[in-house]
């Protein structure tokens, strides 16, 4: 029903990309991934211990034949570190014969407290990784100017945050996401823009998709829900719902159905 | 996966109830109903001409074997009129052997401009229809006190508006819906509360369900979308997504993931 | 600079009306009233003990020569009770030679938990008090239909709640306040509409006034602030600021200054 | 009543800083400045023609004995240009014996369409101007990481945008402003943080101040209001109101006054 999402040389049938961190067990993670409907999952190259408390290996639960693995540089706080970790991820994935060896989700964070992205280091790392042959999917703030600079630096996809990682607030500044879309899709309508981080509930995913972004990437909202498996279902459905809702052309907002002008026109001058 | 919704003696597998008005053609309506996944559809007893421009009958497109028809009193502006129309609907549906003959969606509107419900006439009509043996699903404002009075008058379900009919603004006052839920489900957790009216996009449906309501009723958002069929799909998915999201126990909202207190704690006193 | 506010036969220079409850001491209350700039204060006829812990009398701190006292029926949960209390207030104020003897702020609440107004009892009490010669300023929900019914019943001013009493949430449903203004000022532009209850901060007062209401009534936001006196200053200034802002004709909201259409136009159909 | 605002070596009695652009005439501008209560006004070094259609000189209407002039680099789209313009402003103001010769409001914009700041060029220009002895007040996005980098580069004040210049949307992302305050005031509580751009109405100013910022800078909201002079009054009052409201310690937000937990606690898990 929905067209696939093309990101560089990769084509995904689901527009939801999910992380693999923070689950109680790898078994739970494996089932949540399955139910999320994602065919691309992101794995932190450095942070994941790869072996859980029961001695299980993460990769036993993420079938590389089924999922395209998107290695990420979570836990990196400068460009140098991020570049090193990205290369390490490429090496590991090459050995697995997974198509994800040639791309990377770049995260260059400012500090451990807020986990906000550092635009300066991120930009520098993007340039280096692009030069190094990577397809770079770059985690960014929602600042449209930085987003455009990252695209100009060769990023395959820019992924603005809806709100801080793990904060569960959804898209706080729809205005910025709209301008990101204007900037990034100008003359290039298929350039993939993905909201990454901040989602808390299914309605956040749907609302993000209704802004016209191409996909949503999330992790904590599923992994830390009371019932991660049911939440994975919710997110799968919400992503499709939001995409369809965007494509279907929603009705305008009005004060009431027969009001002569849309709701927001009310704010103009009207002294009594 | 999801438990059915019980409203009085009726049990519905879908928590989305859709209207039949405002479609370009009955054929389009029939397909939109199908794709919405609803097993209950509401039909305006008085307003629907029942025969469209092509000479087709509405009921040729709403199989009474498949759908439970919920007759409604749209277009009634006082209690007397609404009661009369409800009885007419019962008569018609009895002839169709549809289980919907014993219930009614009560609308008593204040005026044609805003289509807002009139609480006083609505309350009076509820009392009369309950006395007359109807299971009354009553369209109401989001005022919790009126909602409680309607339940006390015997309504089978109270259906507060998210925003004015056809306005596409979603739930404008989540606070009121939360207090409605407190009032109506106190000591009676399965009492059905359904958001009726105001929905514009899929995310509105999901967000409404995430408040803990039991279902959503909508019409214009599908019928007047640019692509009603795809929007029907979107709404079906969003309703399930929102229900699952509510049941799954979402993560709390925080300023950032490691902030020591939830986001809204920030508003307390903090001079510098 | 600003025109006075006329409510029935009363004319007030300030558009802020404040309550007298919940202060630590009457002395603090007296100073807060002074700094709020209000020339009308509302006093609960029944609830106020009139004598505080130090043996002081409330009226020693509310100079009836300076303030017009607006007696209110706080603490009444049905029409009969409210009417009785209103009459008691008239008697007391007549003895004080205060002009406030002929009006009343009517509150008929649904329960002690939420302090939400009960529209049915409120409507009934309004009719009785109007018949009894009172100028009735009536506390209401933000439901426009109830607001219109209250005006039709003879209320001198309708005072919709921004949010529940003491909840500090400001105006939760600006849409409803706008429709209240449409209904109540249709053909009667000077009919006074006052937001009563729910205000938490100065910006809430300004935002309410920017909707075009004629005044704001508040109590808890000042009385329970950490520094009630400074908050009284804040509210005085915010009320004037909001009124002027409304009268001055604000700039429209746009995605960015040179965007071809206002911000909210963005929500229409735009598939890619 | 309110403490003055110290920015580097400058001390201002008003926390509202206003621009001088976009007025119908210099005479109107002069009166609006007066009524805004500002003692610091910002003047675009390059963009202002300095002579209006009537042959009047801007500086005839901005008494340099009364106002501290804050020269700004509006209209600059890269660091080199901005640095050149800043030096030009210093030269001009030195000749006027105005204290504003030693500081500058730095704007490095990305493009003429959105007027969004370019963080990369802005950072570079900040470093150069600081090295050149300027006190730099820097217009920035609301990205907390960029804000911290600008402070680390020596900026005297960081001035995050509430929303795009001239967009009239107020503070779109209060979360980001809060984290900016955390970052910039950590161990340095008097570091001045000023919301610059995006304000549309008086309530926007009050709401910004209630976040704990030290001041607000605006221009279009006054200059393009229907009645700029009355709007200048509104903004003066709103700025004081918001500051006092912040300092006074507002009441918490709750679902209703007696609810056992603050409103936002409602979002946790609660299946039925």
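We call the chains A, B, C and D, going by the order they appear; numbering starts again at 1 in every chain.
In this text, a residue touches a chain if its C-beta (ideal position, glycine included) is under 8 Å from a C-beta of that chain, and two chains touch if they have at least 3 such contacts.
Keep in mind that what you see is a predicted model, and the values were worked out from it rather than measured.
**Q** Chains in contact with chain B and with chain C: which ones?
**A** A, D
**Q** Which one of the chains is farthest from chain D, going by Cα centres?
**A** Result for max centroid distance from chain D is chain B.
**Q** Tell me which of A-D, C-D or B-D has the interface of B-C again, with more than half the contact pairs shared?
**A** From the options A-D, C-D or B-D, the copy of B-C is A-D.
**Q** When the centre of a chain is set as the mean of its C-alpha atoms, what distance in Å lies between chain A and chain B?
**A** Comparing mean C-alpha positions, chain B is 33 Å from chain A.
**Q** Once you find the CA centre of chain A and the CA centre of chain C, what distance in Å lies between them?
**A** 46
**Q** Give the residues of chain B that touch two or more other chains, as numbers and ranges in rising order.
**A** In chain B, the residues touching two or more other chains are 114, 116, 164, 167, 169, 175, 179, 226, 247, 249-250, 252-253, 255-256, 263, 269.
**Q** State the interface residues of chain D toward chain B in the complex, per the touch definition above.
**A** Touch list, chain D to chain B: 175, 178-179, 185, 189-190, 212, 246-247, 249-250, 252-253, 255-256, 262-272.
**Q** Which part of chain A faces chain D closely enough to touch in the complex?
**A** The contact residues of chain A facing chain D are 110, 114, 116-120, 123, 141, 143-146, 148-149, 163-164, 167, 169, 172-173, 175-176, 179, 226, 269.
**Q** Considering the complex alone, what residue numbers of chain C touch chain D?
**A** The contact residues of chain C facing chain D are 1, 112-116, 164-169, 200-203, 205-207, 210, 220-221, 224-228, 230-231, 233-238, 240-245, 247-259, 263.
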